[in-house]
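Chain nomenclature is as follows: A, B, C and D, assigned in order of appearance, with residue numbering initiated at 1 for each chain independently.
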């Protein structure tokens, strides 16, 4: 019941924020210095064609009318047509979104599982080898530029060793049946196990590159949080009960230590979405991140606004989910 | 004469004693910090790295053996040699010189972004926290809106919209970074506002501006600085990422991310173009992270005890 | 429980890794690696980009097509088996080949031609000006007389121009019935044709997974010989280094858009599994100055710039030799082309010209170019060349969209750019480069020269070939002396290919005006 | 080995140090105290004198960077200092239970309080079973109910509910609450219910009332009093309030800077305090009906990193003698007191061989 009202409050806040997001995105796309028409027509088109195109896109209207058009369009689920692909931006996004979500989910699972395990071991075996290893691993994770590391890993694992593919979602000559757009899910649904395992193989490097820095942050937070929790009075109480160390750690410390970790999973997801932009570029991943980068480079403003709005939307929804999860895990949050 | 001087001495001594006594806890604190510093070798390594980084940036024109922008196409893509330890790039420029001169750009990026984002963050945070109510609500919702974007994505959008140059990348990152400090400053301002002495100062007739300036601001600075050292690594990475995507510094500026981006087509045959600037980014960010970790550990009461 | 889970995950990964064994590329399949971002549509009425045009040409048949004969483009029959021109040269009649079928089995009729051309004009997309401006067509200009005869009424453009335009993408013939079946909201099939095909060319578009791959399959109903390559798969690989790696590892047959350095290393290493194919490109690289801006108003300053540039360094170093020196606006092999390269780097001469113009101490100028690596490198060379004259220049890199926007407004001082040829006729070059009234390059650089404009215009209308050639010859001379352009070179296109690929060279001989996948085999 | 002075607990010569940045904090410097089954011993002293450290040491709950460097803690027949962790776990919670100063913080914030009590009951069952198994039916220990392995969880829940009712809480309302939903007093009742649910032989109460409102303090003490009276549980009460100790305990150990300076029955401590520190402490306690000014002990608690040589109290001691900073006074029985009062003191004023 309390949780319900919390969710409602949080949701209404999110609606407000999303509205702000729309305005910011509009402003951003309208301060673009170049005439997007140049982007569509390329270098050879004569000025008459350019003017016609401007009119066609409604760019000759006053700015306020453009804003209304834009907001009206969005509320009807119409993000406009991409200047580059000439397709509705919504169609483009729906085509590229599953790949990004697939990569993001696989990375966040990787990051959360490995991060928590490393952080936990690190705190429990403080100043032992595993702690030093995990800390070095973590500090490198947040220090190494992913775009650079990615290039190097391709060189090693694809070119030198030949163990992993260099990029893409699956090998060529595979023509996966598509239902949902999620390669692995579709492959599983249709029993195309060659596609499934091929997809997994293609996921390994990008997942590592994308998830590494999150793994590192989560491990660091987990370690600090665990060390903090281990000093709490209730841990002493648990020990005073005569519970074995393992039980004290897993039953009493872990859940408490996870609470701050949960809050940063939301933030880390933002980091993942940011990172996806780079990772997708390096690993030829057909996702939304690359779509946005290309839109930015070609100043395809409907695509920029659509893509950014979607990313912000996903991020907000994930943060909402994390907040709810947080409330569900920590009883103190509920009242 | 002698007497007076000794009196002065003793006055001085007593002043010193009093000073020491009053500042005792603070000095203990400093001692403690130095102790913790020494005890965490990683923080020490971080300090050394950042020290070197700053020195290199400071003396870059003296250290760089060649002009980082001068091209010599006849010698392009030469492998590392004694004369050019990091090799030559696709324009025949000395990679070492570019990396060294690049450190200046990184320092510039960090410095300007810090100043801008802290300035915005402090103003927004302090005003929101100090006044509370509707002002707080509005400012914090604006902050939330900025936080609703993954940082790099928003920075990319700003950078592209403003058109990609180093300056604009700096502005773009600042526009994204300030939220961090706004939240910190707000928390501090709320803490300070509820202190009884603020009521007293108000009763005496101090203006809101004065209170914010002389009482809230100083309290907010130190958590902001701590946060800053921890975010510097991220700032460099963000700037480098923008550079890598072609949305940041533009050639021939030797910004490290841009160098990696430019050289990535040469990765296979001419690894040195990307390897060295990439390592420079990694090491510098590592240094900042180690330093930030150290500072956090030292100031964190939980770890202190 | 937990341990079992871990074991499962481990097993899973092992199985996944064991699928590593690379699939060999079948004999009847050609795999290309390219950055496919440039692909926006496969609609012949819309598509106007270089690489996608090649695909469109292999999917759609036109009335006529171009072949390279003796190094020059020559129109040859395609869907039309013969054609004739009226006395005044304005009305063209085309007679269609009989029994030709579209890929879906429908017969190609004159009404399909009429529909396709009218559609292109009505859509008024990027290439539409070729029909409307160059040929002066309106919707009424195209008429299907009967099932196999179609007439086209032009503005009297020279026959080479007309046939070249008809052979371009926009002249691709669509299956009217199929397109109409896929119309949504009266868009004339615009949405559907973006990623579907309805043509009569040797291939059909089988699949386009954006940012993943583009797959062409043979058209079983093609009227000509069935191609040796049944499937052409283009993998989207945005990074040049990845493309090169894939090629070297044999995971692709051909790599497009590799860097000049990679290309040079392929060219210089003989006898490997990978070699290089190259052909002159249908484009020109140039440096241009704004003739209405400050010092560049003076023709001597413009000439000084032309003598300052180190053309050889750009050709041999920046392009690694993948360029042909060509200092006029006519491309090699084009009507009226005669080799004419009067400019070489001569700092003394350039300095004297500057001093005569009153700029002995130089001036400051902004050089604009776009993100392309080669362009940037060229700008850097030009920058240092200008520095030798005392001209201080700064390089501003803009995104293409922004650069063209400013360029159109005549608001750039100096630019390093290129011009892709729209159709293979001298007219497609002379007008943009010399005739400011068409508001193309001459206009953008504010070179308002009525004499040059008049000559370009006259040449465009002249039906007598000898006279026409003479006008171009004079125009080139006048333009080289007075114009705002320093032509750097005509690029050479190149591709890295595996040794088992045969006939690629022949197929890409006419790149990008003409390119025929059916000539490739393995 | 010296004679056991108490049949339940005998702490002797207990030394604990903490390694910190500034040096080694010598927190306990040879603590001496003992008690029999069912007795109540109060440990009093100023903040930082080592009371809580003593309590934690008995449970062997001293954590890094602290460690026990000497002495023994005999509990019944075993020296807790020497026992391995797994054997200790069988004693903790079962034979010795503990309640803490800040009851809310001492409860796991993400577990319902009922579950936390049940956990304790189950834990004791398991360890009882394993102890019995390891002892192969050796002497069954004391007054605990005989648990069997696999006893239904239901019965644990029942015990939990009984215990909650016992400490005056409505179990229906309380068992599903989280710690943050409890007041301090309720939380301490929960802690008491938890601690006593296993019927321990010794309950260590570390300042159980200090963090509570004054009115609640009395309630909790009364509750504790009645409960331990019923079960004859021995209590080691750590407190800084002499009054509380006087009300509740049979014996008192006065601690100063890591040492027990005086030990004895309530009667002797209050009527015949010997150690100057005890005297000072008593003067600092307000008494109803007396108008004397409250006296505080001049000076501050010494720095335990570099404690004063000799008797640690000597810098503040009004009766300081020359030998006081030379050596540590021995902890010896006071002369002329009844054996049952166990009056011991560590002060040169009363040193016998002088």
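What we mean here is this: a residue touches a chain if its C-beta (ideal position, glycine included) is under 8 Å from a C-beta of that chain, and two chains touch if they have at least 3 such contacts.
Only a predicted model underlies this, so the values are computations on that prediction, with no experimental measurement involved.
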| Looking at CA centres, what chain is most distant from subunit C? | D
| request: For the pairs A-D and A-C, output the one whose chains share more C-beta pairs in contact. | output: A-C
| query | Quick one: most central chain, C-alpha centroids? | reply | A
| field | Approximate Å spacing (C-alpha centroids) for the pair subunit A, subunit D | value | 53
| Where the centres are mean C-alpha positions, what is the separation of subunit C from subunit D, in Å? | 90
| In whole angstrom, how far does the Cα centroid of subunit A sit from the Cα centroid of subunit C? | 38
| field | Multi-chain contact residues (two or more partners), subunit B | value | 160, 163, 246, 264, 267-268
| said: Counting only residues that touch at least two other chains, what does the list for subunit A look like? | reply: 33-34, 151, 155, 159, 231, 281, 297, 299
| note | Seen from subunit A, its contact residues with subunit D in the complex are 231-234, 236-245, 251-252, 255-256, 259, 329-332, 335
| request: Mind listing the subunit A positions that touch subunit B in their complex? | output: 13, 16-18, 20-21, 24-25, 28-29, 31-34, 135, 139-140, 142-145, 147-148, 151-152, 155, 159, 224, 227-228, 231, 270-275, 277-278, 281, 292-293, 296-297, 299, 304, 308, 311-312, 315-316
| Where on subunit B is subunit A touching in the complex? | 42, 141-142, 144-146, 148-154, 156-158, 160-163, 233-234, 237, 240-241, 244-247, 257, 260-261, 264, 267-268, 274, 278, 281-283, 285-286, 289-290, 293, 302-303, 305
| query | Of all residues in subunit A, which touch subunit C in the complex? | reply | 33-50, 52, 84-87, 92, 95-96, 151, 154-155, 158-159, 162-164, 166-169, 171-173, 175, 194, 197-198, 200-201, 204, 281-282, 284-287, 290-291, 294, 297-299
| request: State the interface residues of subunit C toward subunit A in the complex, per the touch definition above. | output: 12-13, 15-17, 19-20, 22-23, 29, 31, 37, 40-41, 46, 48-49, 124, 126, 128-129, 133, 190-191, 194, 207, 209-213, 233, 235-239, 241-242, 245-246, 248-249, 371, 398-408, 417, 419-420, 422, 432, 438-440
